[in-house]
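Letters are used for the chains, namely A, B, C and D, taken in the order the chains are written, and counting of residues starts over at 1 for each.
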Amino acid sequence: MHLTAVHYFIIVAMAALQIVLGPVCYNIARRKEANPVKWLILGWLTGLFGLLFLTDDRRVVFLLIALAVVVPMVFHLPGIVATSPIVKAIFDKVESLPPGSNILLSYDYGPATVPENQPMADAMTRHVLVKGHHLFIMAVWATGERQAKLTVDSVVVKEFPDKVYGQDYLLLGYKAGNQGLINALYQSIRGMYTTDAQGKPIDDFPMMKGVENLRSMDLILCVGSGKPGIKEWVQFAGDRGNIPIAGGVTAVEATLLYPYYPRQLLGLMGGLQGAAEYEKALIDHYPQFKMTSITAVRYMGPQTIAHLVIIILVVVGNAIYFVTRKQQAH
Amino acid sequence: MAPRNFIILAIIAAVILVMLFTGAFSDFQSLKLWVGALLTLMIFSFLYKDNPFYKFAEHLFVGVSAAYWMTKGIQTTLWPNCLRPVLLDWFQGGAASVAADHLPFGVLPYGVARVIPAVFGLILLTRLIGPIGWLSRWAMAFIIGYAAGTNFTRYLQSDFVGQIYNTLLPVVNGPGAFGVFVAYAVIAAALILAYRFLIAGLQRGAGAVTTRSIFWIATVVFVLLFATKFPNLTVVTGVICGLIYFFFSVEHKGLFGWTSRIGIYMLMLAFGATFGYTVMARISLLIGRMSDLGTWLGRVF
Amino acid sequence: MKRQIPLLITFFFGIFMIIQYFIPHHGVNEWGGRFQGWTIIVLAFAYVLGVANVLRISLEKVYRKEADWPFKLVTCISLVLMMGIGLVEGVGEDTFFVRRLYNQLYVPMGATMYSTLAFFIASAAYRAFRIRTWHAALLAVTAMLVMIGRIPIGQGIWSGFPRLSDWIMFEGPNMVGQRAILIGAALGAISTGLKMVFGIERSYLGSGD
Amino acid sequence: MRSMQFSMPKACAALCLVLSAFSGSLAEPILGDQQAAGVRALLPPRDVQAMDTPRDGGLSLTIRWQPPSGEEAGLLGYRIYRADSPNWEFRLVGQVDRNTMEYQNIPNDSIKVQMGKEYYYKVAAYDSLGEAMSEAVGPVKSRPTWFDIHRLPILVAIVLFFGSVLVFFRITKRGKGLFIRRIAGIAAMEEAVGRATELGRPVLYVPGIMDVDNIQTIASMVILVDVAKLAAQYDVPIIVPLNRAFVVPMAEESVRQGFLNAGRPDSYDPDNVRYLSDEQFAFTAGVNGIMVREKTAAHFFLGAFFAESLILSEMGFSTGAIQIAGTANIHQLPFFVVACDYTLIGEEFYAATAYISKDPQLLGPLKGADFMKVVIMALLVVGSLLELFGVHWLTGLLTLS
């Protein structure tokens, strides 16, 4: 491609724009002085954008995205988060229930969506346990049980050593049947779960006293990434029994569920942002989780940069489009 | 196939196998990390261009996952739900399997009800035998009938009646809303009149561009204000316009053309919003992969 | 025989499932549930066909030494190995080989393939959000607004961004558009169901008398 | 029946008097204990009612009650007892917490309800020391329901739809009302296959990643017949990679039928209907490979797609193929719209077969669906106006539960 004066002008203008805007944005984000490393990164990115502008090759886009994710991870840029009402609704519900309420947490996702889903489940588990509620853990997805065990091992056992299994929390585990399982649990929990995940009879646990079916639950939380997921919980349990349903899903899934909010769905965490918002609310109320409940908040750093890069990409794309159109017109 | 590719393939296979099994047997964490990281890099390499490493990972993935799902299907469904009970019926007269799950069995004798799906399944497998392969259509017909029937009512309930129910909202609400509504209606009428008599007849020229820009900016601001002031009215109107876009029996001209165009704009806005909202999820996935790669790099260096 | 019986079977099960939706009677419901169990079993039988298909096509390519045949061999070997181990050992959490093969081959490859979406979403935005038409402009502008609203910096630039982004997503255009599609698609699904149950659409069943 | 339920407690009042002796004998020692401990005595629940669960299968009964009068700080919950006759021994059916005022005796309980048999119930409030039993209520019988009246709106919708389809059958058979507005994506299908022919490269058809129990997959199989027919007419190979094993026989039949319809059954190659894997991303990886290595020139993505939609369509774009997508999965539509040349949105996707074949039989349901849209629009306008004036019966009707 032949380089014209317009090309050089746009490259220089973009570099200037980034050098000015970049630190401003970082300062807004961190309320701190920008350090030289970031200037370096900025120059680097500018060069790549220039390269992209020259070649219009999408592999440069791939490289840009990779850098946008890796560089902030290497330099530990954290994100800044504020809790939105739709997430706050879940937090407030857990907060307002009297201690000892029954809360069901269902793990309806697999390893593929762990980055988004696991922080949600972990944060809600922390909150439910610190409030002294009874936590019933189950999975509608076969892959969910493994994730539930992960939470139990890394969060419950480590951070809540005083909580007793079977008294404060109970791992019911996975049962096949998809939405049919929810349907059956609505009628009776014992009909599906005669034992817990370890195979101990369910009635041996003091928590199960007075728990008959899903209507015995004061709140059902579901962390999901597809079908069956929150939609099925709403359809087969929430709508039928007027049980409050809330939870978190991947951002893609979230757009599908907003029509259910707020009539059929108490609140919803959408993607990493939702998880980070819940973590933020949790940290604000319970500072003891400042060091542990921060996975999603920490991930927001690379997110911010990647979003900015994509936005700039669109601008560059349009610039290329208008330049080439002008050239063709001549 | 060039011999060079063959050598690459052999090397990959040898390295992976050695690593996987030493990793598995000795429980040596870093070797597991190596396998995961190498496979990750092989798949990412496709982003540059197709190459033998990607081909290897792709074919390995297909083989392993197809087998995994098949064994899973056999171990979790075919055997416990079908073959085992049928065999038990066969050998023990049915008593054992009845005790195993407490399904009451209505009209058909228990054993027969259990055998029917197995018969359908075997009919499906006649496909592998050429001349009577057409029998397999019976099994397909069963699944299609079941699926069509259940989907029919399910869609009617949650997506049809459910969404209509969600859309039925008081269109104008809030204190003093009617007065505001009338005011907005007057402004809307003024805008339409302005378009009809002022903008539509404008000639080219700098002044015209400015006037036109001012008009369109005013319109967009007005629409936004209106939409936020009367969200329910916006929803109802928008849904109706969207439905008109999906209307097939009428040519989209005149009033239909206008409304269906608003409908398709609504769809585009929705798509844009979903797209923008999804970016975060996709970046999250990459962050997850990169942090795994980071753990690997941390081990190595 | 070849066509009438399948149509009858489809009709019977389709109509039954529609009718049983309206009848809470436990006897009817039970049969509905049982049919569901049957479908799961019949669907599981199909795995045999699927694996037979993979093996047949791959082995043919290997046999004919077509392009990339060594890779087809990789598929066949990994498939047979995994299947053999899986059938002997089971597929649960407590297995030795299957769990390791799953965790160390299947999981990283699946997650990596999934994560390539991050690159593709960027390249799609870069390429497609060029303002050529009104449609593209609307798409691009809403996408940008929502993206800015989703990151903390957006809030820094203008405190209204998150609110605007939320409004677009939850109350405004997004919900409206989705609802229109949902209702329309439900109608489409219903009429497809109707065509299937009553045998109006039968070409997929193949031919024959 | 309803009136009977409400009058039942009154009708049983006399019976309850007799029974009070029974419950009293149980409660007395407990009262003694509590008084000894200085705790106020626990009172039994009030207004206990037992009734047939409305709109059920006939295997459950519902028991409702009011909390005991006065402060009940120590109250833990309620236990429900049942007997076949008021004088027999009452056995524990189940228990609920203190906030629940209703219990359903359902088939999953260890003590089940038999259809048509008479039962008597008692509800006891309990605390850490003991329980206070209400008087027995009954007899109550469980009956099955043959029609769920709350689902009437759905039935009405079905009847309307069926009726309109029948009417439109009549009309379209006479050759009238055959018009369908142009759907660009479907009109472009032939162009896409033609382009592949010019380049001498195969056509790729991906019917989504769901099993045949998904209606979109079924719809896609039907469209596949038409696309295969086009491919056969143009004499280009059509490759169909599959994600679900059960779709393999379906797709084979569809493609073969398409080739048969085109009059070229001999050019059908069964090796081009390929099952890859049930795993979503293994499948995606495999299809990527096919697109790059077999250089497919026309891509059809029609069916239920999920996250792989963007991977497939972006890879397809980079190979320079013409791409036509169609799905009813809302969350994937944006990506198809962005990356494909043509996208069939929601209902357009389902309408494809009718549009291609212009068969009057297939047009009936399409026109019926259009009629239903008119009904919906009318419902929306009328319903929102009713809501505006505070009339809620229409929304009440559509609640369905």
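Remarks
We adopt the following convention: a contact is a pair of C-beta atoms (placed from the backbone, for glycine too) under 8 Å apart; a residue touches a chain by one contact, two chains touch by 3 or more.
Computed from a predicted structure; not experimentally measured.
Taking each chain's centre as the mean of its CA atoms, A is the chain most distant from chain D.
In this view the innermost chain, defined by its CA centroid being closest to the centroid of all protein CA atoms, is B. Counting C-beta pairs in contact, the pair that comes out ahead of the other among A-B and B-C is B-C. Separating the CA-averaged centres of chain A and chain B is a span of 18 Å. Chain B and chain C have CA centres that are 6 Å apart. Taking each chain's centre as the mean of its C-alpha atoms, chain A lies 22 Å from chain C.
Separation between the centroids of chain C and chain D, computed from CA atoms only, is 17 Å. The multi-chain contact residues of chain A, meaning those touching 2 or more other chains, are 58, 62, 65-66, 69, 112, 252, 255-256, 259, 273, 303, 306-307, 310.
Residue positions of chain B with contacts to 2 or more other chains are 43, 46-47, 55, 57-58, 61-62, 64-66, 68-70, 76, 124, 127, 137, 140, 143-144, 146-148, 150-151, 153, 155-156, 160, 163-164, 166-167, 239, 243, 246, 267-268, 270-275, 277-280, 283, 285-286, 288.
Contacts with at least two other chains are made by residues 18, 21, 27, 36, 39, 42-43, 46-51, 54, 67-68, 106-107, 109-111, 113-114, 116-119, 121, 123, 125, 127, 129, 139-140, 143-144, 147, 150, 169, 174-175, 178-179, 181-185, 187, 189-190, 192-194, 196, 205-206 of chain C. Taken as a contact graph, the chains are fully connected, with every chain touching every other chain.
Those residues of chain D that touch chain A in the complex are listed here as 76-77, 94-97, 100, 103, 106-109, 281, 306-307, 318, 330-331, 401.
Chain B contributes residues 43, 46, 50, 54-55, 57-58, 61-62, 64-66, 68-70, 124, 127, 136-137, 140, 143-144, 146-148, 150-151, 153, 155-157, 160-162, 164-165, 167-173, 232-233, 236, 239-240, 243-244, 246-252, 267-268, 270-272, 274-275, 278 to its touches with chain D in the complex. Chain B contributes residues 1, 5-6, 9, 13, 20, 23-24, 32, 35-37, 39-40, 43-44, 46-47, 55-78, 81-82, 103-104, 106, 113, 116-118, 120-122, 124-125, 127-128, 134, 137-153, 155-156, 159-160, 163-164, 166-167, 227-228, 231, 234-235, 238-239, 241-243, 245-246, 263-280, 282-283, 285-286, 288-289, 292 to its touches with chain C in the complex. Partner chain C is touched in their complex by these residues of chain D: 55-59, 107, 115, 144-148, 151, 154-155, 158, 161-162, 165, 211-213, 215-216, 218-219, 221-222, 224-225, 242, 244-246, 248-250, 253-254, 256-257, 260-261, 271, 273-282, 284-285, 293, 307, 310-311, 314-315, 317, 328, 330, 333-335, 337-339, 345-347, 349-351, 353, 361-362, 364-366, 368-369, 372-373, 376.
Only residues 18, 21-29, 39, 42-43, 46-51, 53-54, 56-57, 60, 67-68, 106, 109-110, 113-114, 116-117, 120-121, 123-125, 127-129, 139, 178, 181-185, 187-196, 200-201, 203-207 of chain C touch chain D when the two sit together in their complex.
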